[in-house]
Amino acid sequence: MAVRVLGWLAVLALLAGLVAGFGYAPREAVQGNVQRIMYLHVPAVLTAYLAFGLVFVGSLGYLLTRRPGWDRLALAAAEPGVIFTGITIASGSIWGKPTWGTWWTWDARLTSTAVLFLVYVGYLLLRGMIDEPDRRARAAAVVGILGAANIPIVHFSVKWWRALHQPSTILGPEPSPIAAPIALALFVNWVAFTLLLFYLLAKRTEIARLEDMYAG
Amino acid sequence: MRRAWIVVWKDVLSERRSKESLNALVFFALLLLFVFQFALGPDRARVETALPGLLWIAFILAGLLAFGRTFLVERENDCWEGLVLAPGDRSAIYLGKLAGNMLLMALVEAALLVLFALFFSLDFTGALPALALVLALGTFGLVAVGTLFGALTAQLRARELLFPVLLLPAVVPVLLGAVTATQTVLAGQPLAGASSWLTLLAAADVVYLVVGLLTFEFVLEG
Amino acid sequence: MVQAQHLRKTYGPTRVLDDVSLTLSAGESVTLLGPNGTGKTTLLRILATLQRPTSGSLSIAGVDALKAPEAVRGAVDMVGHGSWVYEDLTAIENLRFWTTLGGHDAGRARLKGALESVELDTVADQRARTFSAGMKRRLALARVLLGRARLLLLDEPFTGLDRAGRKWLAEFLLAFKAQGGAVIVATHSFDAGAGVADRVAILAGGRIVLDRPAASLGLDDLRRLYDELAAGPVIAS
């Protein structure tokens, strides 16, 4: 029941976010309407980080307690995490085309996110290759923990590397200073995405629990 | 730790007698050189510009081969269970395997440097101490993660595919840091110029080592 | 010494072990009989803490082996299909490795002594690559001798052993028991297995369908029961 409510809340919030992003927020002066994709891009990356944080928590929880519920959390968080990361990359790329003329720039955030994407796709691939639940959970947990510990390291290394090869101009999608309506639209979308994440988490952990029950 | 040492001792002895890995890896390094030469063409300037990257590509490729085989001797001889059942702290086994891999990589990298110097008429001697430091820091990061993931994938059917897929994204920071620092060193600039990168490498090495030590316990079960 | 209750092991829809309970005291030996593929190896691996059961409880030497497998590992040793022998190392080097790894280093003299007990001292400095399967198994037993295991699990130890070899193994197990150790032998060859056991258990269909003192069964009775029970329905896939 609570999950249903959560689901509807998420839908409402997403609609509100759409309205806020395309209707309410003003047209950006420099980049035009394409800037609106930021309302997808930024919340997506924030939610992805949240998801991967939850993968870390689930991984740690499993290794410490051996309770399958933690492993299910890690799995349920990794899948949307990868999806949101994919959305981040795709939206960043789409935003980049009209703005910079290319589909891909080795922009610091885009590159970091891409590396993150690869790490967690690997995580899901690994899970797919192991049938035994305990071995799968343990192996995934180790990869999940290293992946999470690596996130700040990747972030800094890519940022510095980027700074070396191109003194960056205004590369972040946030125009500065951030005007109030833009911030509000961002916030609404971010809340919407987070609600969606939690809804997906609830559903996915339930499905995983049923799968385990059937297998046992 | 005595137990870590005995693992190294065992691997070194086994390797010295069978000579499987080291020979193949050095030969692989030689082949890589030819591949690089053919891929980049005869323009020596191109090779020199690309050199830091080429070196680390070579190291990573060799590492992929080497680390994937970390527990091969256990698998071949059916000794994996013996390691799993060994009482006491399993992180000693991780340290032992890590040290063994570092030794192996040190030999391969030294061979590669010699081969590069020979084939492309390069002179490393001036930069050698600084280069050694950069190589050590970078290789340690590779080995720390490689040994951990090597153990993780050791018992899997799809290990040849999965191991690189897991390792490469994880060592991106090491690659970035090591190549940049190598570039600095080979350009004859003082090492202090790359100090922030070296700090990053060292920090990454510590993080990977700690994660490896703490989680190896769980990797080695069943 | 060993208390296994209601162990169950499933691989997806396949139930390999279904409600297996087994108790063993120090100084006692049990022979686990069963045709191939009935889960004997799986049961041994679970008892060795190499694998976790899907459900059930296991305690070894008074310690909960499922909650704290590390605490139990020093007390358990296994001689299974793989004999844990590194082929590029000599016999004595193999022993040196396993004893140091197990935390009970031994000097060369003690290692040689163990090799003598298993009649391998003549090949102490030979590479294990040249050893026969029987010799490798004897090397594994030398390893057991040097360890501090109180529970010994053997998986098909009689394969490849001739009559003299079997006699030798039986004596080895007797000596092990005399020092307070417990032994579980899993085998499908019940002639040899019945000879070394205090108790006989038959594993069929994922369950223990018989568990009796060896003395209470004549060999013919045992044979008959074995055929009957082992041919019964198998709960699997």
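Order as written gives the chain letters A, B and C; numbering starts at 1 within each chain.
Everything below uses one rule, namely that a contact is a pair of C-beta atoms (placed from the backbone, for glycine too) under 8 Å apart; a residue touches a chain by one contact, two chains touch by 3 or more.
The structure presented is a predicted model; accordingly, all values stated were derived computationally and were not measured.
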| item | value |
| --- | --- |
| Topology of the chain contact graph, where touching chains are joined (line, ring, star, complete, other) | complete |
| Result of counting contacting C-beta pairs for A-B and A-C, higher pair | A-B |
| Intercentroid distance (Cα basis), chain C paired with chain B, Å | 39 |
| Length of the line joining the C-alpha centres of chain A and chain C, rounded to whole Å | 50 |
| Inter-chain centre distance, chain A versus chain B - centres from mean C-alpha coordinates, in Å | 31 |
| Residue numbers of chain B (touch at least two other chains) | 221-222 |
| Contacts with 2+ other chains: residues of chain A | 132, 134 |
| Residues of chain C touching at least two other chains | 52 |
| Chain A - residues contacting chain B, complex | 63, 115, 118-119, 121-122, 125-126, 129-130, 132, 134-135, 138-139, 141-143, 145-147, 149-150, 153-154, 156-158, 160-161, 164 |
| Chain C partner contacts - residues on chain A that touch it in the complex | 131-132, 134, 215-216 |
| Complex interface listing, chain C residues touching chain B | 45, 48-52, 69-70, 73-74, 76-78, 80-89, 93, 96-98, 100-103, 105, 127 |
| Chain C to chain A touching residues, read off their complex | 10-13, 52, 54-55 |
| Complex contacts: residues of chain B adjacent to chain C | 2-3, 6-7, 9-10, 13-14, 17-18, 73, 76-88, 93, 217, 221-222 |
